């Protein structure tokens, strides 16, 4: 059951190239599920006019955290919210995912955020994780501590996460795999993993208006039908997603 | 006691605040108590399901939103089966926004709609190839569609006008002549966003519909013009974000108003606006909406 | 070296940035170096001085400005004697925006103008009783005025269009047929502001003209439509506040652009915009304005 | 010669019901004259879109001050600008006044601001000054120290400045008088001072667009002709001003 609230930010911290915000909220813990996200905005501001969809990074009894990568005006302003200031929060949104006990996670860049959250819901697995620079690879130790094998790659050193996967394709066999990263990376990945796509699920991003299935702006073509990322997603079976 | 009710041509609302078409769907009932709303207009539906336009379908403009949804919807059957029963649980006036690519389409779809407070006829969508704005620009077509719908339904018929008409007063008159109970003024304004990276229009269909505060003075002027020129109740729509905007619309002649994009920015806006209108009326000692409209000094 | 020059139909500009009519007068030369501007359009002048409308004449709207000046000006004689000699000191293209209440007015005033880079014919002012928007809505009148002006002057003639025309492409075509060298798209959008205290329209003439960022997507779309539809150079106007907006207009088809209300918010905007365009072109390795327009990936 | 600059605020202080802002600027001192004002706005903000006309309260070699009464959104935001933050300043604007050595000043409410500044340019005189409450009567001691006789009145105690003037009409005889206050007060005053209006000058307020004589929005009818407050004013002869 989603709700809309103005909630205080109790921590703003730089994590690698990103900003981590901790939001005080005692209720989220009991309702947020793996796969969920929130729409976030600045109180008393119409600039930007639309709230921004942001994944959970973590949720505990007293608060939840989000990880923000500055892309444009909206994320820039969000990243500057200070401790003591507040945020508009609409959520939790999206369709809950029943995470497997064990599986593969493939993250590109800020794509680590929802996968970090997902790893909390799993017992073990393998993370393949790529970023531009070595120091952008955040939270890898924490995910290791959760029982995952972590394989990283950086463009400055060796290549992209797609390169990493093509070297380790056999890992995917018989496993449920979850991918989150830029759409270009997802398309490339789809190209190389072939049959494994059937057991692969992908976090899809779309520009959103309402987050509540109302405006139909976050459409994605899935198996010959338009679905809504905010309501039916954000996670879809990779082989069914038709990219434009 | 403050009386917020408003009624015109067989349309009765417990307050003048209506949720506009295309910005909400059933999940929004989790956020806002629909029992408190004057009414809700369900998203534009067509005879057959429509996929809508390729993404991106929405972005921001200065003080506004621009969309190119293309009337994505699951069709009238789905509405009757899956949506209406759930909406009927709420004590609020339910309207359905309908869309067709031909007069024939409009007739057939209106036959299939019953058990609601009224039909809102969309002759003003800027994001579709056939129908849409082109219908809403031509007084003859506006008249013909209104008449066709009215012939096929006993429900009150509201026609939603496009600001792209060169003379919106003439179109409103045509709707009145065709049998409309009210007009909604207006739908979104045609606009363009260029993606300077790709050097192309952002939307696949090039044009989009601008909504939000940016269009408020323009839409307000249309409401004023129609109210002055035609004996038809006007439902104001365009850029309303707070109770002061509502007052402006009511003073300009609107009988009630619709809230659209504002719920993207603040999902609780409808509740806050209703509360603030009551607070304002209490402060001023007003009893009903007529008191708001009439200038006491005169 | 970066080449910002642009030329079309005997109009030559050192860069595409023109100051729009009605937002500046001579004192503004103290703030901005006119030698750096592509051109300037002097405030709408008429045959005889005009007092303009009662105050208030200006206020704000969401992301915009609304005015009801009513073309207050000191007349064409005053322009020739008091203004033009001072403007001629600057190395920039000087245009004069002219206004008349009849075709006859437009003819007579254009005879009296010489020694400038062109005349901009205002058939689009929303704030006057006679002439203004009503002229700009009708293709025949637009044609007749353009022709009358062109007959009486050898200067390039630019016609400034109103977005209130139901089909602006048709109007642009009429101007081309009448002999215009270019069109400016567009003037302000008709809007209304209600003063909720007095419960009356804020402006004495009720309607005002909306300008500023709020209208940008709408005006940009008009520029795109004309550029696609008519073989006439378009000068873009409406809501430009930074160099990215300029890029959008150039990509949409504008040959040059005008800056209006933005100078109220930031009087140095014209300088900053020119600097930022140069910076952008340097970063991208572009040499001239054609490079901006053309998509390199294609 | 007006200029446009972004200048730092070095003091924000409450003075009675108003906010005093001190703006660092070394150049203003040599160019600001009695009667001048500035247009003020927030840097990097288009909300409000228009700058606001504000009088000088004082100008010295290193800075100038302005006094702000919160009326609507614009003045509210200006009053909240903190020390260290900046303002957009366009000015000095308006037509300089040649102040008399000695004269009468009549201030209502925030109208004290430009008259306080004017008193700096004069040697002596009489100030009639009214406000809502006694404690709203700011700067009266300072003006006394400048050699003025100061007569105050407050609505909570006795009445308005118009009452004060009607009791002291003979003071105006043979003196140049300057009035600044709400338009309602000025109109009332005009009604009672009769012939003295010829030697009376008034600070006129209008909503402004540009401040530079460009937009023609600040018109005021003066002796059968429209003048511009920003260019020909803000000070006009009272008997010539036609109020709407």
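Order as written gives the chain letters A, B, C and D; numbering starts at 1 within each chain.
Heads up, the rule we're going with is that a residue touches a chain if its C-beta (ideal position, glycine included) is under 8 Å from a C-beta of that chain, and two chains touch if they have at least 3 such contacts.
Predicted model only: the values in this text are computed from it and were never measured.
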{"item": "Common touching chains of chain C and chain A", "value": "B"}
{"item": "Farthest chain (mean CA position) relative to chain D", "value": "A"}
{"item": "Computed distance of Cα centres, chain D from chain B, in Å", "value": "47"}
{"item": "Intercentroid distance (Cα basis), chain D paired with chain A, Å", "value": "56"}
{"item": "Approximate Å spacing (C-alpha centroids) for the pair chain C, chain D", "value": "35"}
{"item": "Multi-partner residues of chain D (at least 2 other chains)", "value": "46-47"}
{"item": "Junction residues of chain C - those touching two or more other chains", "value": "62-64, 212-213"}
{"item": "Chain-level touch network, classified as line, ring, star, complete or other", "value": "line"}
{"item": "Each pair of chains that touches, named by its two labels", "value": "A-B, B-C, C-D"}
{"item": "Chain A-facing residues of chain B, complex", "value": "22-28, 30-31, 43, 51-52, 54-60, 63-65, 67, 69, 72-73, 212-213, 241, 261, 263-268"}
{"item": "Complex contact set, residues of chain A against chain B", "value": "1-4, 41, 46-51, 88, 90, 206-210, 212-220, 226, 231, 244"}
{"item": "Complex contact set, residues of chain C against chain B", "value": "61-64, 66, 137, 164-167, 189-194, 196, 198-201, 206-208, 210, 212-218, 220-221, 224, 239, 244, 247-248, 251-252, 293-295, 297"}
